[in-house]
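First up is the structure itself, then whatever we jot down about it.
First chain written, first letter: the chains are A, B, C and D, and each begins at residue 1.
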């Protein structure tokens, strides 16, 4: 009798955390990668498939219900995913930052973008993912997991980051509510406070923490952490972690 | 030389907290009351004007930019408000509750309503109010104040309150960010965690805290608290309080 | 029939917060002032009595059980206090600061002093005060109140303040536990996070917040706040507030 | 050229978490186990040594400076530890619980015991461990780590757990302060909020979470978590985690 197979879905992939998380989870599962633009996932999909793994990319606007629902439908029709169970769903969308701006110089669109890509996107993603995660509870090798990427602004509303803080606080509140509802049903929901500048191509020139070695957070470290959270036994679920370089002020 | 006069604006009035807050601030200031429907403010406006105070009601949808901007324009054209300074702006809108519901039975509209009336409404309200509050810094009798009503769900994402928690967390994050930006400019921004069932007509039949006397939070107690926060000297601003009946579990 | 009279006890008086709190509460109640050295309370006692109020000072080491018990026994034997009820007990002891020091340069005595004057002192003070506060529940004009002075370090363990943070965290945890136990019995327990340099003779020369006017927290503002907390109706108790000057970074 | 070897120290071992943590770390390091009574560590030491690992037990009262200092001196004289570097120091002492008791029925000794075994014990342990951990920074295979076991009461002062909350809050504040001071020097300091009844011989009969399978926290899950924290790269340190069974209310 064949063992049931399982896959992972990662929303929000690009050159940074999403890529590292995809590569990490692809060592064990086929991975479906969602991003708004094909150029965000194409190289990663190729990298994984070339290395003998299994990946598919689906162009998705996580802020639109139909787009998210369609993505999950597509995944379940894709060879290598069809008939398999969802083991891990990772919401790593980072839109809506808007930059550091005095409140009176921000536009309503900045706030709306933050709310759309943070709580609204997570809501839509979770709405599609949780029924599948629940179905995997009886036989998934690790407790089915919903992972959510947060930021410094998830617990601290700093000056000049009004819209960003609104979105990140909201996403954290939603993740916490989901944890309290779905943990007892066997689905692990964890929120990671990424309190750092991440070491990705875009931040290459940033002078962070005085240029100290390892002064930016390695995306591979985040990926390791997410994998670790995914593999926690149900006897001991962590709902929230913080993660920052040793030299980061907090 | 005439002393400059000042007024207060309260968004979200009805039979409960908003009414008590309006009556309290009306003892000192003309008050402008914003609500989506005239029947929410008409009686309060009449009650205040009959008692020799000054009140005006303006039908406003706080979730729509044009409606909020129009409300503030209207206020500044109204007799008794024109030429006066804004001393206190209170965001007490309570929409988007949605009730206690398993996440998978909620609708996207529930979340959207919570985000609209919590962070988005506060954003729009603050966008119009803060420039006026800043102008009042030099001569307002009390530090110009932006007060925001929160709830238990502002700091705790409970099971079955997913959308509500998202909205309340977001509003708190936004208020915190505004406090950090505007306190140094002399505008006091405070957030009140109302951790209780409020004693209003709608909750009359609720069996709360075993029916203990004073087991529901009196809206007058909230109003007293808001007035107190408004009158704090700039040497000592409180950014956040909790408020609950003595018998409330927390 | 004579109305029962009530008094207040304040532990930790000196030139700063304690003095302002004593003067504030002395406007309504006879006040008993506890300090380790007579020179800390003598002038305040004289000031209050000269102004027609009623004050008594008792030399007390709040870190020693016998000394605290003796203080409360003394109070209840003192003319003007005997037969009266305890309306408010304020724990404002500020010992154990120890200064900013690298952990490895601190002495065990620094930690012990912080633990002694923070959780241990509050424990002993509460042990004597709470039975008296409970007795006052039925007829006290305001809900009997236990107020506890905290600091920035109550919720944030900063580098180089190890012992101070340990003591302040502990005091907050204890106050929170007492609130949850005694609120339902009608005694209000509140904790104030004083996130500021207080404007007292000792800090006169400090350059705080760039020398901004009102950049230090006025002890009278703290006293006003404590009185306000004391007068909250049991329908709406605040368990915790923060308090800081408008220009304070947080 | 010989590679330098490293060891771990665990304070607070017995039949539960300490034993699991000792066994876990013993797979990689020689381990020194500190407990007040030899019967707490003897079996574990034998178990590890019989299995080909290296363990030593030292009778230590962590609340006494001389006893802790002596323990570290002893370790460094012990064959297999002498000349080696300290890679991990784990403070898992669980004394001072005192049980669930109305505050007025507690004894000062309950509070003192909690303060002694929580902040004071951690202080003494850290005082001896941190200089050794600092020395290991340049060549330890994993960032030298100080791990601290917390509890539900570390962030929540519940009714009837006054002394316990005081001790746990204090320990958390101290750990946080140490993290902020020593992270930039390369030593990882993490605090684990164990929000659960642990599944150990003593709790065998407890009816926890309705008797649900895995409804108690497995001590092996805690050990896995501690090992994971120890192996985090300095690019991404976690300062605090929570850990609870899937069915635990929080």
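Points worth noting:
Operating definition for what follows: a residue touches a chain if its C-beta (ideal position, glycine included) is under 8 Å from a C-beta of that chain, and two chains touch if they have at least 3 such contacts.
Worth saying up front: this structure is predicted, and the values here are computed from it rather than measured.
If you take chain A and chain B together, no chain is in touch with both. Summarising the inter-chain layout, the chain whose CA centre lies farthest from the centre of chain B is D.
If you average the CA atoms of chain A and of chain D, the two centres end up 32 Å from each other. Rounded to whole angstrom units, the spacing between the C-alpha centres of chain B and chain D is 46. Distance between chain centres (mean CA atoms), chain C to chain D: 34 Å. Across the assembly, chain A contributes residues 180 that each touch 2 or more other chains. Remark: chain D residues 65, 102-104, 108, 111-112, 115, 119-120, 123-124, 126-127, 130-131, 153, 156-163, 165-182 touch chain C in the complex. For chain A in complex with chain D, the touching residues are 143, 180, 183-184, 186, 188, 196, 199, 214, 216-218, 221-222, 224-225, 228, 232-248, 250.
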